[in-house]
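These are the structures, in structure tokens.
Shared between the two complexes below is chain A, which pairs with chain B and chain C, respectively.
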Partner chain A sequence: MSHWAVRRTAEAVALTILGAVLLVALVHLLPGDPLNAIIGERALDPATKALLREQWGVDHPLPVVLGDFMVGITRGDLGISYGEQRPVATLLAERLGPTLLLGSLTLLITFTVGMALGLWSALRPRSRRAQLLGTLTLITYTLPSFVIGLVLVWVFAVSWQWLPSAGLDDPLLPIDATGGAVLLDRIRHLILPLATMVLATIAVPIRQQRSAALATVAAPWVMAARARGVSPWRIAWQHVWRPAVTPVITLLGLWLPLLVSGAVFVEYVFAWPGVGALIAEATGTRDIPVVIGAGVLLVAAVQLGSLIADLLYRVATPGTVES
Partner chain B sequence: MSIRHRLGVVLAFTVMLLAILGPLLTGDPTAQPDPVGGRLLAPSTAHWLGTDAFSRDVLSRLAHGARLSLLIAAIAMTTAGSIGVLFGVVAGGVRGLFGWTTSRAIDIALALPRIVVLLVVVAALGQITPVELGLVLGLTGWPSIARLVRGEALRLREETHVTAAVALGAPPARVIAREILPGTLPPALVAATLGVADVVLLEAGLGFLGIGVSPQLPTWGSMILQAQRHLAEAPWLLLAPGVALVVATAAATLLGDALRSRLAPGSR
Partner chain C sequence: MTTPLVEVRDLVKHYRPAGWFNRNAPSIRAVEGVSLEVAPGETLGLVGESGSGKSTVGRAVLRLEVPTGGTIRFEGRDLADLSPAELRATRRRMQVIFQDPFGSLNPRRTIGASIAEGIEIHGLAPAAEIPARVDALLEEVGLDRNYRHRYPHEFSGGQQQRIGIARALAVEPAFIVCDEPVSALDVSIQAQVLNLLLDLRERHGLAYLFIAHDLAIVRRIADRVAVMYLGTIVETGPARTVISDPRHPYTRALVSAVPHPDPDRQGDRIVLEGEPPSPSAPPPGCPFAPRCFHSQRDRRCDQERPLLRMVEDRQVACHHEG
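Showing the complex of A and B:
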């Protein structure tokens, strides 16, 4: 078990490093002069341009660029942003908190509510309400996250003016506001982005849990439990859900990329100052060091998530043979 | 054919009709007939879906957007499908180092979230044409198809008709091309059809972020980007492309399901 865990961890680290190498190489090999992104619309004389090329190292060959990047990473140095002229690592550090807040709450709510709804609809698959849920999940599944976000903004922020539509907190909040007022303000700003993230990602765990539980509902031990008069709650919890939980854990690894793309669009819609909005903005301004830095961070997050999912799967299914 | 599958066919025809006939019937999507008095008009008989902030006809932009979306999706899925099938068949069908290396390449490509690769590529290239965007979306979409085809090829490799071909002395290349490859095509076609939904959403997403193709082009994504600024006074600007996106992605998803039950009834 521990031997396997070490090997799996090494694999995740190797894949992250390879991913970083691929992203850096991709930018280097594709056509497009990064100098245009650095100087923007300004007209500069050739001598200044040559100086800038040297200063930013845009003409270095790929092995040098890759070497610099890898050495930099070990020191926590991801280069300098073209646009902000500040270290990429600093920019990422500033943006990490909001993303972790939004992402972890989304993960928590999507999986608990998604599994509960999936289990519920598997217990009475022919009921009207379960079929309505099926239709609703198909709709949220086909709706892009930014459209869901904008519809919520239109209803709750523009039409009814219940909730703020953008940002992390209210800039007009008094400086001497109490802790409670600050917390309430943060929660109010969190509701719409969080609801959007959950709606955009919940269809997958619902469907997965539903199909896994549908298989166990028909199992002979469930019939036996019903026959000997076990309470419906206990049947749902112990006899149906417990054996049907492992497929959902496996799903976690596949679901994380969904969370990442959700983060990019939803943070952008709500001007939520996270890593996803950062990479979207930086792509627009072609701030390549920031795009690569944030990209590597997101790749690492997905790898870490799928590693945790695999370890959890091992814990949940002790009998699994080494593969 | 179930009702769901019929609905998929109907929705797909609707989008194709909008994309093929729409632009011929609706006029110039860039015309700004009355930039002062004719902006943000509500839907009427003159403008069925209203006008945007530059007095441009929303229906016309929607129809041209459908054409661009389908063009990009067609290019992307042809590209992703061909590369995916090639890599998948080699990874699943070829034994030895070559097959193993191809298989690891697929695993590495799968480890990278598509949106991240897409943003990195777009940041490097800057503004691109719709055809180029189609290619970029295809080049970032092949790994999931390759994984599916690899699994299918690994399964087919153990089938009796393959064993028979090998026993009869067929060279490995012939076994792969004639005995394994054809069997992987139906599931690959299903995956490519389902993948159209992802491509349409990603293309709209990039348009919404204002990157990729020129924001001046009438894409559904750029229409949504514009709608965001006028949510209070002109919500139809969001509804038109939003509904179009749902119809297009639902069509691809339902059509993919229908194809699956026809072509690969065994798979889930």
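Showing the complex of A and C:
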């Protein structure tokens, strides 16, 4: 087990480095001059232009760019944003907090509630309420997240004016506000984007868990457990859910990167100052150091996600031997 | 005669078809009025082809399915009258062994945990003694006690079936429904598992409802036999005489299909024409009439359902026997 964990971790680190190298190389090979995108139509004298080109390393050959990047990353230096003229690492760090907050709550709710509802509907597949749930999940699955977000904004923020529609907190909040007031304000700002994220994602774990549990609920070992007089709760947990959890773990592994990448559309709709919105802005302005920095963060997150999923998978399937 | 351990009266089980588009489709009449009894320590063989309703009877007897009609009494108590908690407590006395050895075991639990579960939930031993109980059960079914920490996929089909038997024995039952317990196993393994079931019956005074389609196996284990066709019992009586001298045409066809070790003594095989009628639209008369080859078969067979009648040492549901 420990031997396996070491090997699997080394694999994840190697893949992250490879991914980062590919990312830097691909962005470098893209056509177009980032300088023009930032300076725009403003006239600059050739001397200044040349100075900026040298300063930003725009004309360096690929091996030099890669070398600089690798040296920088060991020191936690991801370069300087063209647009903001601030370190990329600082920019990402600022945006990571709000994204982590939204992402972790989303995954927590989506997966716990999703697994519970999926299991519940598999235990009584012919009931009216389970069939209604199936229809509802199909609807939320079909709707894009920004549509759900806009509808929620329209209903709760515009029509009824119950909740704020944008940002992380209220800029008009008094500076000397108590901790409780600040927390309440943050929660009020969190509700709509969180509801949007949960509604946009929960259909998948519900349906995944439901179909896996439908297979185990019909298994002879479940009937044997009933014949032994095992209680319905214990049957649901021990004999139906536990053997049906692996597909959901796979899904969780695929979605864990959401924690750091953020959901671009949702962050955009709710002006949530997260990584997703940062990626959208940086791509639009060709702020290459930011694009690369965020990209590397994402690559690492994907690797970490699948590493965690593999670990959970081994916990959930005891006794399986490695091939 | 002693009071029966299990007493089934006029059991009926109909299934409503599932789905939005089948709401008005006719019900599937899996079991149509089956009565049977099993005495303590006795083995009743329940025989019939696929779809005859024999497994449904087995599941209804254990109240794993709620019957559409009829009563099931276990140790004199009507199972329908029991509260959910009382029913769970009663389940300790009646167990089941399934056809699919691997599917019978939860793949995510060690076999020790599977065997121990029944002992735990019914409080049959103090926690400290449970591992020793599990070891003893494993040895009783012919497995090594060190296997306790292994998972089901690490065993062969025959071993898995032994584990399923140990798990059933763990709660100290008086009655076990064996639903085709050996038909998924290799022939060489079948005999071993069958012998194990015979030994255990002897040692614990178990009663079996032994469901099978193979008459050769039923002849080895059953005291009495009941032959099912399309949800009804068509012939029932002592296993030895029913199998050596069948009276109902369907039983005769079944018996003729059993291979005899001596080819010269193999009688002519009766090959039935056609398929059994659909259980959602059974014929009004004898369910076997559409395929019947009886020399006296007449219009009455198509119009009137024959009831079980005493014929010598057994009961037969045929207008023209006895």
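As a working rule, the second predicted complex is superposed on the first by the 310 of 323 C-alpha atoms of A that agree within 3 Å, B and C clash if a C-alpha of one lies under 4 Å from a C-alpha of the other, contacts with A are read in each partner's own complex, and residues count from 1 in each chain.
By our rule, contacts are C-beta pairs under 8 Å (C-beta built on N, C-alpha and C of every residue); 3 or more make two chains touch, one makes a residue touch a chain.
Nothing here was measured: the structure is a model prediction, and the numbers come from that model.
A.B. asks: Of the partners chain B and chain C, which touch A:Val151 in the superposed model: first, second, both, neither?
C.D. replies: It touches chain B, and chain C stays clear.
A.B. asks: In the superposed arrangement, does A:Gly295 touch chain B (first), chain C (second), both or neither?
C.D. replies: After superposition on chain A, A:Gly295 lies in contact with chain B alone.
A.B. asks: Of the two partners chain B and chain C, which one touches more residues belonging to chain A?
C.D. replies: Partner with more touched residues of chain A: B.
A.B. asks: Who does A:Pro205 touch here: chain B (first), chain C (second), both, or neither?
C.D. replies: neither
A.B. asks: After the superposition on A, what does A:Asp287 contact: first (chain B), second (chain C), both or neither?
C.D. replies: First partner only, chain B.
A.B. asks: For A:Pro257, decide between first (touching chain B), second (touching chain C), both and neither.
C.D. replies: The answer is first: A:Pro257 touches chain B but not chain C.
A.B. asks: State whether A:Trp221 touches chain B only (first), chain C only (second), both chains, or neither.
C.D. replies: The second partner, chain C, only.
A.B. asks: Considering only touches as defined above, state whether A:Pro164 meets chain B (first), chain C (second), both or neither.
C.D. replies: After superposing on A, A:Pro164 lies clear of both chain B and chain C.
A.B. asks: After overlaying the two complexes on chain A, where does the chain B footprint on chain A coincide with the chain C footprint?
C.D. replies: none
A.B. asks: Taking the complex as given, what residues does chain B use to touch chain A?
C.D. replies: On the chain B side, the touching residues are 107-108, 111-117, 119-126, 197, 201, 204-205, 208-211, 224, 227-228, 231-232, 235, 238, 242, 245-246, 249-250, 253.
A.B. asks: Which residues, counting only chain A, touch chain C once they are in their complex?
C.D. replies: These residues of chain A touch chain C: 126, 219-221, 223-231, 234, 238-239, 242-243, 316-320.
A.B. asks: Where on chain C does chain A make contact in their complex?
C.D. replies: 18, 59, 62, 64, 87-92, 94-96, 98-100, 103-110, 114, 117-118, 121-122, 150-151, 153-154, 164, 167-168, 171
A.B. asks: Which residues of chain A touch chain B in their complex?
C.D. replies: Interface residues on the chain A side: 15-16, 18-19, 22-23, 26-27, 30-32, 34, 36-37, 138-139, 141-144, 146-147, 150-151, 153-154, 158-159, 256-257, 260-261, 264-265, 268-269, 279-280, 282-284, 286-288, 291-292, 295, 298-299, 302-303.
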